[in-house]
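Once you've had a glance at the structure underneath, I'll fire off some questions.
Chain nomenclature is as follows: A, B, C, D and E, assigned in order of appearance, with residue numbering initiated at 1 for each chain independently.
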C-alpha cells in the first residue's frame, strides 16, 4: 500500500471559505489528506468543525466557496449515529444504508465483540445505553474497507477503555496506508503522527 | 448553610437493586448524599449509571427494588438536553418546562455569556452547533437555586475550556453547601473532594 | 448567446437591467390599468342580462389568464435553475410565485363575488373553478416551501424541483378536472365564449389583459430586485448601492 | 427568581406552546389546510351536485374536524418527549395535571378554535344553509375541546412507545365517536330547523366531564410513558 | 465483503424497510385501521341509508385510500433523517434514485397493497356491487402506487425542515387529485356497467410516468434536504 505522502491525495480541499449566520468560520482553507496521515481538526464549540467535515465528505454542496476533490469514497461518521432503534446491532450492520459491503455473520459478530457488544447482538438497539448505542456505529470502523475515514467526534459517550481501543484502531488504519480526518475535544493519544488543523487560528501544522 | 455531612442527607438511597435485560446492574446499593459532597458515578458503557440516576431523581418508579428519599427538589440534566430547537437560547431558559424559576433578562444574559453563548442569545437553537446546543442546557446550572444537582454526562460535546469552567462551577456549588451527583467518562479535575461510586465493583469510596 | 447567458447569471447586471426596464414599464402599466378601468367601468353600457355586475369581468378574466401564464414562467425558471444550475433562475422563480398566487386569489375572489348575483351562490364545483383552486394550492406550496427553508439556496433548488413536478402535472390536472366535470353533470351555467362577447366589451377587456401582463412583469421585476439585494447582501456591489442610497 | 406559582407556570407553558406553534406558521395553518384539502376531496370524490353536497355537509365538516384533531393529537407531547423536555416537566414541582391542561389548551387554541372559526367559509362552499352556521361553530367549539382532551390521553399513553405510531387512533377513536354523533346531530337539527340546543347541552356536559377527569389521566399517562 | 451491486443494495434496502415496518405491527395495521375508522365514521356522520351509501362508496373508498397514503407519506424518510441514516444513504456509492425507489416500493407494499387487498371487505360494507370489486382492486393497486411515488417527492422535499410539518399535504395534494378523479371514475364506471378499461389505462400511464420521473425528483429532494 502506498503510504507515501507524495502520491495523489485521497482528499484535497482548495481555498474553502464559509460564512454561517453572519460569522466567518474559515477562509481560504486548503488542505491535502494523503494515505498514512491522521488529521485532527481542532476548534472550540461552534468553530465550524462539523460544517467543514460535511463539506469534505460531500453532504454540503451549497453555501461555501472553494473546491473539494475526493479520489476515494470516504466513510463518514457524523454527530448522529445512524443506528436504527428498532433493529438489533447485528441487523443494523447487516443492512446498513451506507451501501458499503455485505458482511457475513462472523465478521459482524467479531466487529461487535471488538466494540464490547458481545451478548447484545440481538437485542433491539433502543434498549442499549447511550454509549452502547454509539458503539454500534463504531463497529462499522472494524468492518470498513474504505481508505479514507471522516469521523466527527467518534468518542462521544464512549468510556475510557473504548476510547483507547478506538484510538488503537485509528493508528493501525493509518499505519496500513489509510487516512483519517477527525474531530475530538479530547486530546488524542495515538502512536502515529497527528496533523492538526486549528480552525480558530487557521493554522495547519 | 449546613455543609456538614452530619445533618440530614439531601438524598438517600437504600439497598437499590436493578436487573435490566437479564443483567444485574447493581445490587443492594446504598448511598447518602449530603450537602458539600460531589459524587461521581463510575462505570463503563452499559454499567447502569443512567438507570441509577433516573431512579435517584424519581423518573424511574417501577422495576427496581429499594427506596430513595429526597429531601429537596433536585435539578436533573439527562442525556437529552431538553433544548427546543425552534426556540432561541434565551427563550429556552425563560420558558423552561422545569418550573424552576422566573429569571430576568439580565440573569439569563449573564448565564448565557458564562457558557460562551454571547451573541447567540436570539438565534433559533437548531442553528447552533452540537456543543453550543448542549451549552444552553448547562446555562441552567448558572441560574439554578436547587441544592442538589444530578448531572448525567454534562460534558458531552463540550470543548476543553467549557469543561474546565463547568468543573469550576461544580466545585463552587459544592463549596457553597450544595451537592452534586454526576457521571462522566472523563476524569474530573476539581478542587473539592470527589466521592466515587463504582458500579462495576459496587464500591463506594 | 453564451455571453448573454453569462450576463443573465450575473446579479449586478440583472439588477441594473431590471431597474432599466421598470423605469419605463411602470408608467405604461399604470396608464393601461387606469385606461382599461375607465373604459370598462365607465364608458361601456350595462349588460342586458346581468346589469352592471358583469363589469367585474375586467378584473376577473385578466387575473385568471395571467395567473395561469404565471405558473409557466415559474416552472420554466425552475427547469433552467435545475438543468443549467443558474442561480438567477431561482430568483425569477421565487419572485413569480407570490405574484401568481395573488392573481389566482384575485380571480377566485372576484369569481365568487360575481357568482353570488349571477348564480345565486358563492361557489360551485365547476371544472374551471376547481382547477383554479388547485392552481392556488400549487402556488401556495411553492411559497410555503421557500419560506420553510432557512438556507435560501437550498430553498431555491427545492422549489425548482417542486414547480417542475407541478409543470408535468398541470396538463394532467386540467384534463382530469375538465373531464370529471363533464361526466358528472352537464353545465348548468355556461361561460360565454369570448367570440360571443360584444366588441364594445371585448376591446377594454383585451386592454385590461395586456395591462395585467404588464403588471405581472412589474411585480416580478421588483420582487427580483428585492430578492437579489437580500441574497447578495454581503457582496461589494450591494454595499455600493446601499452606500449610494444612504447618501441620498 | 423563586419558583413560579402553579398559575404562573401554567400561563408560561401556555405561552411557550403557542410560541412554538407560531414558529411553525405552516403547522398553525394545518387545520385550515386540512379542512380545505378534505373539502376539495369530497366533491371530487363524491360528485359536485350542490344538493347532494348540502345533505352531507354537516357530516363532512365534522369528520374533517375529527380527523384533523386525531392527526395532530399525536404530536402534543411528541417533540417534548424526543428532546427530553417532558422529563423536566414531570420533575417540575408544580402539579403535572395542570401543566398537562395548559398543553391541551394550547393544542385546542391552535386547532379546534381555529377550525371552528374558519368552518363557515367551508360550510358555505359545501352549500350548508346560512342559518345553521351558528350551531356549527358552537358545536365545533365545544366538541373539538372534548376531542383535544381525549386525544391528550391517547398521546400521553403512547408518547414513550418506540413502536406506537397510530396506536393512538386505535385507543381514542371509540372515545371520539359520541362527540361525532352529537356534533353532527346538532348541525343536522339546525339544518332541518329543529332545536339543536339539547345536543349542544350534551356536548357541554361532555366537556365539563372531560375537563374534570382527562388531565388526571393525562398526567398518569405521562408519568408511565417517561418511566418505560 | 465488497460493496454490493446496485440491485443487491436495493433488495437489501427493501428488506430493511419491510423489516422495520414489521417491527411496528401496529403501524403496519395502519391502513386497515384507518379504513375501518373512516368507514365507521362515514355512516355515522352521513346517515346510514344503504342506497345513499352505495352511490358514494367509490368516492369514500378512494378518499380513504388517498388520506391514508397522504398521512403515512410523511414518515417515509423521517426516522432515517432523524437518526442520521439518510446522510449515509446519500453518501452511498449506489445511485440514490434507485435506493429511493426501494423505499417507495416498501411504503407501497405496506400501505397501498395492503389497502387494495382489504378494500373488498369494506366495499361490501358500503354496499358496493360485487361486480365492481375487481375494478376497485385494480384501480387501487395502480393508483396507490402513483400516490406513493408522488408522496415520496413531498416527503423528500420536506424531511429536513424544522418547521415543515404538514407542509407536505399542501405540496402533494394538488398532485394527488387527478389520481382520485380517475380512480373514482373507474369504479363508478364499473358500478354503472360502462367499461372501466380506459380509466385504468390512464392510471397505468400515470404510473409509468411517475415511475420514470418521481425517483429522480425524490433523489434531488433528498440531497437538498440533507444539505439545508
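Keep this in mind: contacts are C-beta pairs under 8 Å (C-beta built on N, C-alpha and C of every residue); 3 or more make two chains touch, one makes a residue touch a chain.
Keep in mind that what you see is a predicted model, and the values were worked out from it rather than measured.
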Most distant chain from chain C by Cα centroid: B
Chain located farthest away, centre of chain E as origin (C-alpha): B
Whole-Å gap separating chain C and chain D, where each centre is the average of the chain's CA atoms: 37
Cα-centroid distance, chain B relative to chain C, in whole angstrom: 57
Chain C-chain E separation of Cα centroids, rounded to whole Å: 32
Multi-partner residues of chain A (each touching 2 or more other chains): 62-63, 79, 85-86, 124
Shared-contact residues (touching 2 or more other chains) in chain C: 134, 137, 144, 148, 150-151, 154, 157, 180
Chain E: positions in contact with at least two other chains: 23-24, 162-164, 167, 170, 173, 177, 181, 227
Touching residues on chain A, where the partner in the complex is chain C: 19, 62-63
For the chain B and chain D complex, residues of the former touching the latter: 57-63, 73-74, 76, 78-87, 91, 95-104, 107, 124, 145
Complex contact set, residues of chain D against chain B: 1-4, 8-9, 12-13, 15-16, 19-20, 23-24, 79-80, 82-94, 99, 223, 226-227
Sites on chain E touched by chain B in the complex: 162-163
Residue ranges of chain C touching chain D (in the complex, touch as defined): 121-126, 130, 133-134, 137, 144, 147-148, 180-181, 184-185
